[in-house]
Amino acid sequence: MTFTEKQTDPTSEMHWLGDMQADYFYPNGIAGDKFFKHLKENDSFLATKCKKCSKVLFPARLYCEDCFTEIPGENWIEVPASGKIRLFTIAKLDAHGEKMKEPKIMALIDIEKTNGSILGVINSNDYEKDFSGVQVQAVLRPKANREGTLKDILYWE
Amino acid sequence: MSRKVCVIGIGHTDFNSITPGMEWKEIMYEACQKAYVDAGVNPRKDIGSFITCAEDYWEGFSIFDEFVPDQVGALLRPCCTVCGDGLYGLGNAYMQIMTGYFDMVAVEAHSKISDLLTYGDIMLHAFDPRFERPVSGPVERPKYGGSPEYPSESPKPLVGRSSEKERVHPYFLAGLEMQHYLKTTANTEEQCAKVVVKNKKNAFFNPYADYELNVSIDDVMMSEYLFKPMKKLDISPNVDGAVCFVLADDKTAKSLGIEPIYLSGFGWSSETPWISTRGMDALYAKNAAKMAYKMANIKEPKREIDVLEVDDRFSFKELQHIEALGFARPGEAGKLVDEGVLEIGGSLPTNTSGGSLGVGNCIEATGMQKALEIITQLRGHAAKRQVKDAETGLAQSWRGIPSGSGAVAIFKRG
Amino acid sequence: MEEKKKDWPPYAPGTHLRESDIRDKKITYTWWEPEVQYAWSLGPAMSKFLKGLKEGKIYGIHCKRCKRIITPPRMFCEYCYGPTEEWVDLPDTGIIETFSISYLDPDARRIEDPILVGVVDLDGTPPHHGFMHYFGEMTKDEIKIGMKVKAVWKPENEREGSITDIKYFKPYKGGGD
Amino acid sequence: MKEVAVIGAGMTLFRRHLKETGKELSFLATKMAMEDAGIQKDDIDMVVMGSAPDAFDGIHMKGENLLDGAAATNKPYVRVFNGGGTGVFAPIAGWWHVASGVADVCLVVCEEKMGNCYPHPQTAFRHIWDPILDRPLNPNLVWLFAMEMNRYMTVHNIKKEDIALVSVKNKRNAVGHPSAQLADPNITVEDVLNSEVMAWPVQRLDISPPSDGAAALIFCNKDVVHKFTDDPIYVAGTGWSIDSTMWTNRDLYFPRYVAQAAKMAYKKAGILNPPKDIDFAEPYDPFDYKELHHMEGLLLCKKGEAPILTREGVTQRDGDLPICPSGGLLGVGNPIAATMGQKVCELYWQLAGKAGKRQIPGDPRVGVGQAWGDIMQMATVMVLRRG
């Protein structure tokens, strides 16, 4: 025993409720801003090619983290908003650990012509199908409603 | 003459799914007090420096470091927080001792995760806010009308959980990683299930474990798919608990008359935080192990290491880490489970404490819980789960979803 | 050495973002509102302290090795690292250790009527031992460090076991007030 | 123990909002430090990140999120944290990586993006209070400082005019600092005294602004330092110390934890008489009175004497004991952890003669930097010396 007394009455006051609530505003950054502004006007993505290691980084970055060099403006390239599903999982739980109304098919999609990928939701309720390797296309919001966030990609199919 | 660093005292609380009778301060105090008594030292006089391993959001304070010194005995002493797993703390303690500034350093790590009501949402909060997090569900921005102007009212604390925000549980990423692992190696879901059976059984022999369970492979295979191919029993449930170590240089240990257990090597490494370009092959564990083996002068880990504790927050992670640490060729860890090599009586006993699957996922204390088991084994105090003639042990941990960071520590009996 | 005299940093990289750039949506941004809620377990010390407040009492606890009565109470003493024991019922009077006159709310918005707030050094404890609370029934010109104060409690049926069961501390002359 | 040298430093702009993400800011600062030292990513063995509350950036485990911008991909990387003290504590952690012989070259990056937190960075600060004892009273962070300032002023009978001089000095010193957010060559004591009262005795111009920013520093082992520079700056001593969580159970007029940390660092650095042996100092100055408070804590003067030295001009850049020649937090900005830029990088720039317009006259040889954090309880001290 490390104390002289401990809680022995289970009905006594036991916990104190509180929060750490705040709202968060994330500027999309130098590269992110360019990426999302492009997405607002076009139906394609931007990627960046490192001039040293020639990797095509997706999503677009300001710098290549492996070579640690800045990526110049002319190395920005346009890539189609489509790709192949590398991995997928059928998620049944929400963040509270409770069952969602409908399971969601979450996937990691390799974007064409790049060395990168993106997380996405697959628009399907076929929970038996093997989606690996399936070609998918991003479905975007109508141009008028786009706000310049990842939410502009509604889902993939 | 170069110093050596050794562990001279260990202390821990019981691990329980909830600890309603104790404040976070009190579970820390209990673990630390036990470690100090174990080492036979007075923290107010003998210990030079203190390290706690914690992350703010797990605890519920913007600056958790504030709420540390009193209960670890660090009043008006050097004390700091390392934002990482307990093994990172051990590594930093090692370095502090090697500078010659201190002879004795205490490292504490704990989990009071039952205080946190919104575990899933906090973990989502660790995803990249621009390119990853929004995928999980609604981005709420109703309070201030969608523009960052200065609002006239303070946000009201939410009471209870809001049900309309249906965000996906962040463990979906573990589901993806498991699929990657099964696809790229020859290992199967059954082999993962065997890991669950083994670890939950080992936990029966560990008095402080909280999730011991007598299940068969069929039981595991029949449990529900939550993040296909990941099943309910593949996931380690959360647990509260605290662990404290006292480290010292070899001279101090000898003067205290303690038979030292050396921290002979450690390493850590981080992969890219971008899920979009990460390999998902536990490269972090490979790099960390390389560093630790070099420091501990280990050439053939398979032969030289007697007992092993690897991170098994998800069952497939145990197999993946065994391969990354060099105990099996890629894709062959499953065979070791099939052959019973990883059992307590096998040639490579792994997660004898029950691991995270058996003890529970103790968040930032995971690495410390694993190191604790290694020390217990090397001291020969592991009772029914004792591995015979354990001389060298390895503990490895991973920082959990969504990170690609992990650490390795190697302990040797003196 | 010529190079040494170089003016470094030669420049500071970064792109300044004005409030107007954000308001006029010159840049794109992402919002997120996390759900961050806790239920901190109260150990024996805090439970007893809060229950005491509900009954209109301020509890302290004794560290016998250091001969110190501490409040807010805790189960261990940070000076000697030993366990504490023996609860003490403290008077609800003290002196103002320090104070502030605040025109800010928690989110840094301005308020008209300033809040008087500070630390009360409670009677019955060693010097400089107490807790933070509001002050009332005095103006911002009257408040002074060293002033004697006494707690004003909420009516018994409104108390809920919280530090706010004390409404504020008011000036106190001593005696049977 | 290995001797540790500083070979490069970098620092971004400090502003209320910066367009860059945290990663990108870290990249910019790191890149600059690497250019200064003339090294590549492969030369770096280990990386230390210093970043204060996750609740500012709004990213849980933000150390993990920032690591690619800190050149830490596939490297040993750790984040250390102790509130406001991180700005000097991260370099201390970098120092022990090298001093222990574990790493030869260690990069330290400090980053903060306070602008992310809404409705105000203060919203995150509400959660630094004790959830049971303090948060129900709806506190604002400024209260803390107001209460401490009041105690300090009352015990030593200090006038607000003397304290305002610090703000004036630092905001003027910041002129010429490329990162500076609040430099003002024409500010006067009257401006400070007439500024809006936030929480008396704290007024608007007594406070440093919340900022976004990043800074980076590179340490290296003495044995390999010749590869990078001929004129290295060495870490002479480090110290850190923490006081009790129960801030209402101690007298706030003197920061005994700063004295404790300073004594530790001075002992290691062989400093016997701090005011004489130290040429200049960068004490933590998020509020103007804190500079005075910390000068006393750092044993640079007797208790209650700091305002007198300030009034006499001793602490001006051309005085006998220059304090905050960078412009400090009051002039340059206060992105919590990234204040490493003023508190440690500045020591390096001054000692190496690279401070440009801010250069202290008279060839300084020993400088001390200090930061302070948590709930008025943590002090971190680092002493650098030339040659």
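Note that the chains are named A, B, C and D in the order they appear, and that numbering of residues resets to 1 at the start of each chain.
To be clear about the criterion, a contact is a pair of C-beta atoms (placed from the backbone, for glycine too) under 8 Å apart; a residue touches a chain by one contact, two chains touch by 3 or more.
It should be emphasised that the depicted structure is a prediction, and the values quoted were computed from it without experimental measurement.
Common neighbours of chain B and chain D (chains touching each): A, C. Of the two chain pairs shown, B-C and A-B, the one joined by more C-beta contacts is A-B. Of all chains, the one whose Cα centroid sits at the greatest distance from that of chain C is A.
One inter-chain figure worth recording: chain A and chain D are separated by 35 Å, centre to centre, where each centre is the mean of the chain's CA atoms. Chain centres here are Cα averages; for chain A and chain B they lie 26 Å apart.
Computed centre separation for the pair chain C/chain D is 25 angstrom, with centres defined by C-alpha atoms. Multi-chain contact residues of chain B (touching two or more other chains) are listed as 20-22, 26, 29, 33, 57, 60-62, 69-70, 75, 115, 118, 121-125, 129-130, 134, 139, 141, 143-144, 148, 150, 154-155, 157-158, 161, 165, 272, 274.
Chain C has residues 15, 17, 22, 27, 29-44, 46, 50, 74-76, 78, 105-107, 109 in contact with two or more other chains. Of all residues in chain A, those that touch two or more other chains are 2-3, 6-7, 14-30, 32-33, 65, 95, 149-150. A complete topology is adopted by the chain contact network, contact being made between every pair of chains.
Chain D meets chain C in the complex at residues 9-20, 25, 28-29, 31-32, 36, 58, 115, 119-120, 122-123, 126, 131-134, 136-140, 142-143, 146-148, 150-151, 154, 178-179, 196-202, 212-213, 230-231, 244-246, 248-252, 349, 352-357.
Residues 2-7, 12-21, 23-28, 30, 32-33, 36-37, 40, 95, 147-150 of chain A are the ones that touch chain C when the two sit in their complex.
Against chain D, the residues of chain C that register as touching in their complex are 1, 4-19, 22, 27, 32, 34, 38, 40, 42, 46, 50, 70, 72, 74, 78, 97-109, 114, 117-119, 127-134, 140, 145, 162-164. Only residues 15, 17, 22, 27-44, 46-47, 50-51, 75-76, 83-85, 161 of chain C touch chain A when the two sit together in their complex.
Chain A contributes residues 2-3, 6-7, 10, 14-15, 17-26, 28-29, 32, 57-59, 65, 86-97, 100-101, 104, 106-108, 115-121, 127, 132, 149-151 to its touches with chain B in the complex.
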